[in-house]
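In the two complexes that follow, chain A is the common piece, with chain B as its partner first and chain C second.
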Partner chain A sequence: MDSVFIIKSLIILGIFAISLTIAAYETYFERVIAAFIQDRVGPDRAGPFGLLQPLADAGKLFFKEDFIPGMADKWLFILGPSLAMLTALMTSAVIPFGDSILYDGQEILVQGIEVNIGILWVFGVVSLGVYGILIGGWASNNKYSLYGAIRAASQNISYELAMGLSIIAVLMMASSLSLRTIVESQHGMNWNIFYQPLGFIIFLTCSFAECNRTPFDLPESENELVAGYHTEYGSMKLGLYLFSEYVNMFISSAVIATLFLGGFNYPGMDWVYATMTENFGAVVGHNLSTLAGTLVFFAKIFAFIFLFMWVRWTLPRFRYDQLMDLGWKGLIPLAIVNLIITAAAELSGHALLVNWIGLGVFIALVYAWSAIFGTKKTSL
Partner chain B sequence: MTQWSFYVVSIFTLFGALGTIMSKNAIHSVIYLILTFFSLSAHYVLLNAQFLAAVNIVVYAGAIMVLFLFVVMFLNIRDEASELNNNKVMIAASIVGGTIGLILVAAIRLTDIPRVNPYTYQVKTGFIETLGKLLYSKYLLPFELVSVLFLIAMTGAVMLGKREKGERNF
Partner chain C sequence: MQLTDRSKKTDKTPLTLAEKSYLPGIAKGLGITLKHFFSKKATIRYPEQKRYLGPIFRGHHILKRDEEGRERCTACGLCAVACPAEAISMVAAERVKGEESLYREEKYAASYEINMLRCIFCGLCEEACPKEAVYLRHDKFVPVFTSRDQVIYGKDQLVEDMNERYERDAWTKEEMQKLWAQQKPVNY
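Right after this comes the complex of A and B.
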């Protein structure tokens, strides 16, 4: 009991520490990637290759004056960034970062908590995430901040719907809400992205919107709203807001990798497991192959983080009505179509085939429709 | 352990509920109400009803309260709260509220709550698999009727929000 408890605590602490470290270094890599895309040098002053830049930034933010505007609601002004950070960190509790560790004859899962409502927990925390921005923006007592906060709220609510509908299609395939069961059902290259290409695109777009990343960063668009909800913030409170965006990016990459790219599954993992247990014994081999799975999972997460950054420095920002049109008139109907196709495919018994046939038929119908009736340009 | 967590969570719930009705600022009220919903979800978790807890957070704390906060932020409620200075209104409100509270307490006292037998109690009662099987077998008709109700409400909202002919949008 004791050693199991200690290992479990170590895993939870490790997940916490890793998400903070990765978020800190995301800020560095964001600048490096931006510099690469824009053909600049990027940060190279603090330490070798500028690797100490995140520490320098954090130090600077901590030592700036911690300012609260005179007419602001003091407690809510402090509550805003705290909530943003809290909700960003809560999601990682249910994500399975690896298979399991064998110790003392007991199997310890590499996961914060294994609950049978995993994805609902993620969804609930995501829907709470908007409070940090909303409360902070209102408490600043500044109309630009309020505009930013209200934009953030309406954007998050709109994109949550399409996100939820695309998750339901995944749930139908795994017939469970537990993230671990969803990962295990994708074992042997049965990754959901092959079954759910449309659902994957919808989920990816919605997670961009939920993280307030470009092209959906209207809550903080600097040319209309100064800086949106964090106009009045300075010092580490601003730091927490910016930092929570990077934590959110890490977590949503992890969720995408879990739902659609098979989590810690990778091609040839059964062969690796067999070889490891043969050469190192059952226990050590099992633990080593768990480690390999975890490393693969992190590789997938980093790939998605890179995608987030790539998109940010490539695409311009949406106009506000375009954003709402895309969410309500584009993504939600598509998600419903995806849901129907998936349901038919699951019932038919040939999930992969019927999914692709359904998608093909749908695209053909859309083309035919726009060829026959299509004089009006669609809003997309 | 469970008992102590029950007390802690209950204190939070009552604190949130009292804050909701006692704070002068409408925004503070909404935030206290969010705290109340959150601690109610904690109660559901203590009762081993994880699905109910998650749905409560997603629907109430996540979606409905965001809309509440959204609407309250647009209104300038501080100017319209002059009834609070009127003594007659306060007295009438206290009497009505107190009577309703009394009736509720009396009803709860009269309710015959079946005791849970710890030997035959199923741990999985509140789990989503059990709930889903019940909803789609024994309670199929009520469940479908509720979905029709939601559909009607949704259509009604769209109808109300629709722009009329000739009306300008901003």
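Right after this comes the complex of A and C.
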């Protein structure tokens, strides 16, 4: 068998295993971070520091009764969590986790598949992800589950618009849909977040909504909908739903890091590459610097996962009308403004400068507008 | 009519532009939670770590001996009378010649039993005792029991061990307040 093929398979298997492991440990760290923020210590009984807690949880879920409600649509009830998990895992295929590995004279990319429509793939699969929730909620034959499912569907559709618009600005700068090209265009410290802070905030907010995380966790709000779309689920089917949510969180952190924080780029990477190739030879040096880039990428991902959890234990849930207001009246117009500013900046030739000037002018205009036409702040 | 000055007036003024964008509020909230993230944790990891319960905590019963190792209890029965839960029962016996080093007075408790399912740890027995014989220790719980034949504690579990004498931490109010001031989780 071709050694290149074997290495590629190993990379794909590795990405698969890593996303599952990270998702499992996200459940542990979610609890630990929640505990720390609430001045507690969190799970510390299973193994050293409670590190075996995810295993214990999974074992518990596997041994619980696998119950399907009598009036539920049996096959759709099973399909729901399977689809949620499948779509969650599919997204990681196109994310460039590192530069490339030189082996046997050939360059192997550290990426599942390098396609020139990478971000489109991510979007397509993420939109499919809501089907898992929708089917599960509908098949449960329970009005709370259905409510949760419908909320999930409308929320995801609303926030995908703003998300897509904020991505178009990124695409205009890289002039490619390929995630690898987008990453390579942010070489060194040339990250997109410095060009588009507004786009970054919009994308971040939308990915919170897409992942159904607090403050946008309306599909699974415990106190309004019992538990939302997974009310009727138990055993490992519930586990798959929860697990897919954590995989989604990992993937969206990876996408944010790729699009806005330069993926595997880091300041001083050229110097590292030069020293590595000088000291260890061209091939080993190249592979070592790829490893360094991958580690940097994972550090960024973990930072975003921490942000996701940090925000979850800080902000309360939005009301449903507030959620829709923010999506349709807030983020979509802002994303369009961001698009216009980026377009002007790209045309002008001084992208960084014009982007910030445009943003400043926009904020000044909004302030002026609200000062003239806005309601006066009167004390009651 | 205002009863207290603790009530806060709700601010019903319309939101400013910055407030409408939620961002300053979110940043403030994240700052608060981050401060708590790094702050000292309130948890006491219970079975390994125990909080000091104070010098007058009423725990496991003990039948004291005196300085020479003689049992102080004379089986007068006042503790059994005082006990509101009727948990204490005893059988009195007369000291015979040669037992002077075992029992302090002419009468002693041949058997002394406390039913721990009945006991409510009120401490009335130690108040009733004229011989300063029965006490509730401040440093030891009655352990969990899982069957009914573990419930009745006899003299073998109650009489003080001379190698591990029980001592109160504080007898006066001042001593007690000093102890409370330095209260912290202790590893037993």
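Please note the rule applied: the second predicted complex is superposed on the first by the 374 of 380 C-alpha atoms of A that agree within 3 Å, B and C clash if a C-alpha of one lies under 4 Å from a C-alpha of the other, contacts with A are read in each partner's own complex, and residues count from 1 in each chain.
As a working rule, a residue touches a chain if its C-beta (ideal position, glycine included) is under 8 Å from a C-beta of that chain, and two chains touch if they have at least 3 such contacts.
Quantities reported herein were computed from a predicted structural model and do not represent experimental measurements.
Student: According to the stated criteria, A:F200 is in contact with first (chain B), second (chain C), both, or neither; which is it?
Tutor: After superposition on chain A, A:F200 lies in contact with neither partner.
Student: Between chain B (first) and chain C (second), which, if any, makes contact with A:I157: first, second, both or neither?
Tutor: Touch partner of A:I157: chain B, not chain C.
Student: Touch check for A:W313: first (chain B), second (chain C), both, or neither?
Tutor: Once the two structures are laid over each other on A, A:W313 reaches chain C alone.
Student: State whether A:S370 touches chain B only (first), chain C only (second), both chains, or neither.
Tutor: After superposition on chain A, A:S370 lies in contact with chain C alone.
Student: In the superposed arrangement, which partner chain does A:I135 touch: chain B (first), chain C (second), both, or neither?
Tutor: first
Student: Is A:F123 touching the first partner chain B, the second partner chain C, both, or neither of them?
Tutor: First partner only.
Student: Would you check which partner chain A:I37 touches, where first means chain B only, second means chain C only, and both and neither mean what they say?
Tutor: So A:I37 only meets chain C here.
Student: Based on the superposed arrangement, let me know which partner A:Y147 touches: chain B (first), chain C (second), both, or neither?
Tutor: So A:Y147 meets neither chain B nor chain C here.
Student: Would you please give the residues of chain A that touch chain B in one complex and also touch chain C in the other complex?
Tutor: No residue of chain A touches both chain B and chain C.
Student: Write out the stretch or stretches of chain B touching chain A in their complex.
Tutor: Residues in contact with chain A: 25, 27-28, 31, 34, 50-51, 53-55, 57-58, 61-63, 66-67, 69-70, 73-74, 127-129.
Student: Could you pull out which chain A residues touch chain C in their complex?
Tutor: Against chain C, the touching part of chain A is residues 33, 36-41, 44, 201, 310-311, 313-315, 366-367, 370, 374-375, 377-380.
Student: List the residues on chain A that touch chain B in their complex, please.
Tutor: 73, 76, 79, 115-117, 120-121, 123-125, 127-128, 130-131, 134-135, 138, 146, 149-150, 153-154, 156-157, 160, 177
Student: For chain C, which residues are in contact with chain A within the complex?
Tutor: My answer: residues 12-14, 16-17, 23, 26, 29-30, 32-34, 36-37, 39-43, 45.
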